[in-house]
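In what follows, structures are represented as structure tokens.
Each of the next two complexes has subunit A plus one more chain, namely subunit B in the first and subunit C in the second.
Moving on to the complex of A and B:
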């Protein structure tokens, strides 16, 4: 009976989530320029178009730049926060953890407005830097959670053992803590990257014409010219998210193996 | 000349006092075991020695220098952890080389020292393995090599055998003893296993309720325990409560619920009053009929017996319902449960406890 429930819920959930995507994907290969079934023929022209048209390639480049930049910021902020929190006492840890995770629960629209206003006031305005900083606030909590989980999994005796052998705190951190928590850092970094890469709400507030990201281009495409190239972009975005998720999963598995 | 002097250490955790005025002096090159039940404070004392725990008061003198305020990394003490705490991301070789790399020794010297230590713990072939690819006993040796490679002034061992099976424990005890006599480093071992303590140590400090209950050689603790706790914790024993009194015109006499006997030890006899008398199970014999040779005889019934080939350990029920344990020679088989026997022991082999 429990097997029936298990498979039932698995099928229902995956169907619910994946079916809409799967239904759209074939349209990326459709010869017709309308997003309708039945398909008229098979073509890779839309892929060629997306990969050559400057609107899309620039957007892809912008998104990559912003995602890499915000990933670096997020790893710095979230990673340092996690390391710092681990050094405090239990009560302080709880309060600080909640604080560092809080950007996740604030609606992105609110954050978008707040950043647009605040950056405008300090003169950063729209553009790459604004996007990177704003996205890193979304990515940092993910890095924080990922890193603190792998730090908590470390045997505290390893650090004590290092100390008993004469290693200073910094040396111990570099040779013991960091290598063992590395999978946590890497998984967090990938989370931060993909969060920024897919983010649309804050980007709408903060991107200027020179820094249009892929989700925004997609958004504009939906409004202006509904054609299969949009589906191609969506397909590429999904594939990339999938690859990143697989990578994260592998890192987390490796992490637990080395930690235990 | 003692190289390590622990002076009047007290340790409080809030209202709970874990250590009460603990003092110990340990000679250079000595193998000392802190023996005690769990919660006795022995591990706390080890952590204080390692520098992981601050003390409430007291001092640790290392060759005349107080090291109590030094952090663990400045103490130059080797430490073997209960769970070994080997670095899982490093090979056996890198684990052992770690303390030398910390000290920025030249590469050639590191290589030479690590190889020497691998040889010492007989793990030459495993240098390239990861710790998790080794058995428990092998991991323990890596931990030992890593703690010794930098020639520490003192080696601390925190229940090093607790995760190993009995046979392996025995072999490693012997090996540890050998390594100790080869290197001449001062060893301090923490354990709750009195057999392990007796096998390996030059001296044993029995720790109970945060105090050092006794500090002496294994033989002295076994044959001449000063307190009832030591008598019961170190080895098997039978304890009788009774009184010492001097009868008119006679020597001192010990009287308990079960028997009366003359007291041999004149020093202990000086203190009249309530005392405990201990009989080790190997000092008593099992008889089928009493013999008149000055021994104390107690009539008893066999409650149970454990046969181990060379001998059998009997648990007897005495007339007043208390238990008495004694080893019996089992050459012609063991006495059946319920059999009527006599337990006999000579007064000179008994030990009076204060």
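Moving on to the complex of A and C:
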């Protein structure tokens, strides 16, 4: 009886999680333009269409630009914040951590309104810069958390050993701490990159026609007309997420290995 | 490293230098925009600037001076500003538009006394109009919040809710309802999965964890896309239903509450599962074994030994989902109908369609403060729980 409940619920819930994705992906290869089964035949035409149509290619390019820019900003802000916070006392650490993590909690719509208004006032209304700044605020907390976790996990004796042999603070930081925390930085950077690459709500407020990102194009396409090229774009986006997931997994494993 | 970096002298200066850059950027690019939303929701420069003379005259309280000041202000307004003023005052009381436009047009010819105004249009004798003007010419205004809540100050200064004006109150109620429903659904579906990850065999656990992480990392928009494709009128599920002869014609599965709930539950599931998993990992397996060896059946063991200990995870997971769901925009916008849209949709709508920044920011402030209060309450709750544990 309890076995039945266990297996029944686990299978149902697992199915609910994975089936929507698994069922939809094959439709990207369907010859028919109707997004349903049975499939009529196998084709890569939709991929060709997506990769040659300027709407999608420009959007892909814009997304990449914005994601790389905001990743660099986020790593700088979040990385400096994490290193700085580690140098302060416990009470200060708590207050500053709350500040640096807080953008995660704010609903993206609220951030969108705030940025659209504030950036508009200072004249960087829509476009790349606005998108990069906004996304870097979203990415900075992720970098901060990733870096501070890896810094906290470091063995203090390594630094003490360096100090006992007369290495200066800056030298120790550059040759011991930073290399050991590098996986934390890299994982944080990937978090920031994929967050920006997938972000749609703030982008809807901030992008101008020249800086339309891939998620915005997908969102508009979904509201406009359902066709296989939309599934192709969704498939490409999730492949991207998969690659990032695998990379982060590797980095985090490496991070823990060096600590041990 | 942490100790070595933390205590020696001189690290204070290094910390200060390192922190100055991110703190400055956070203030400039994050806190200032948020603060500007708060001030924007109270800002009344659109109405306030036009009535500078009247504002000064109102402090004396002399009726004739107020009438004169009103005429001066209205007369000085350009056609566009007059129209805008009339439109905004009309939102408080219908009929105000014509009164302001008429008075403004003839401002030069009307005798600058209260009697003159009343003889021009006897509505000016009604104190209600003056009351509305008094409340709306300050530098700050609660107008947007009044409109957002449907609350109104009546002639006696009491708060009342007028029928039909509670659109956003109903939207907030709907937002809370959908959020609550999604939270319950994610917990119901997430619990067996979290249980499977922590208590299943190696293979079950690995498979589920991989699926959860894959889902977690696939963007909200992509997963919503999958549901739009599945649920559409000629989509997979309808093809299946008709093919199995369960229905004779396609069922409406999307652009209604059903579609919204299903898609939102799917999108938010990982946020419920991961915290539950973390708590379930701390429950010692030996306790369940002990319970079984003492003669309790598997279901009784689960209900009396395992489940109570996993409740903390359920709370954290449910809280996370609730807070995230409150601000949802993309998923309901793509899978819901007009009656399934949440607060975030209306915020975006005010900005994108009508450029009504006042209303957009008032609703934003209400959404944000709800979220901040909930997060604070959750933190305090967690802190109290861990303290109680420490004492016990």
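Observations on the structure shown:
Note that in this section the second predicted complex is superposed on the first by the 246 of 260 C-alpha atoms of A that agree within 3 Å, B and C clash if a C-alpha of one lies under 4 Å from a C-alpha of the other, contacts with A are read in each partner's own complex, and residues count from 1 in each chain.
As a convention for this text, contacts are C-beta pairs under 8 Å (C-beta built on N, C-alpha and C of every residue); 3 or more make two chains touch, one makes a residue touch a chain.
This is a predicted model, so every value here is computed, not measured.
Partners subunit B and subunit C, brought together by superposition on subunit A, fit side by side with no clash. Applying the stated contact rule after C-alpha superposition, one finds that A:9 touches subunit C and leaves subunit B untouched.
By the touch criterion defined above, A:176 reaches both subunit B and subunit C. In the superposed model, A:167 makes contact with subunit B only, not with subunit C.
Of the two partner chains, subunit C is the only one that A:83 touches; subunit B does not reach it. In the superposed model, A:121 makes contact with subunit C only, not with subunit B. Of the two partner chains placed by the overlay, neither subunit B nor subunit C lies in contact with A:45.
When subunit A is checked against subunit B and against subunit C, the one touching more of its residues turns out to be C. Of the two partner chains, subunit C is the only one touched by A:108; subunit B is not.
In the superposed model, the vertex angle subunit B-subunit A-subunit C (Cα centres) comes to 110 degrees (nearest 10). Taken over all C-alpha pairs, subunit B and subunit C come no nearer than 7 Å in the superposed arrangement.
In the superposition on chain A, the residues of subunit A contacted by subunit B and by subunit C overlap at 155, 158, 160, 163, 176, 180. On subunit A, the positions that touch subunit B within their shared complex are 155, 157-158, 160-168, 171, 175-176, 179-180, 258-259. The residues of subunit B lying in touch with subunit A in their complex are 50-52, 71-79, 81, 83, 85-89, 98-99, 102-103, 146-147, 150, 156.
Subunit C meets subunit A in the complex at residues 1-6, 8, 10-12, 14-15, 18-19, 21-23, 25-26, 29-30, 32-34, 36-37, 40, 189-190, 192-193, 195-196, 200, 204, 207-208, 211-215, 217-230, 232, 234-236, 239, 266, 269, 297-299, 302, 323, 326-327, 329-330, 334, 344, 347-348, 351-352, 357, 360-361, 364, 367-368, 371-372, 375. Across the complex, subunit C is touched by residues 1-2, 5-6, 9-10, 12-14, 16-18, 20-21, 23-24, 27, 34-37, 76-78, 80-81, 83-89, 96, 99-100, 102-103, 105-119, 121, 133, 136-137, 140, 151-152, 154-156, 158-160, 163, 169, 176-177, 180, 194, 198, 200-201, 204-205, 215, 218-219, 222-223, 226, 230-231, 234, 237-238, 241-242, 244-245 of subunit A.
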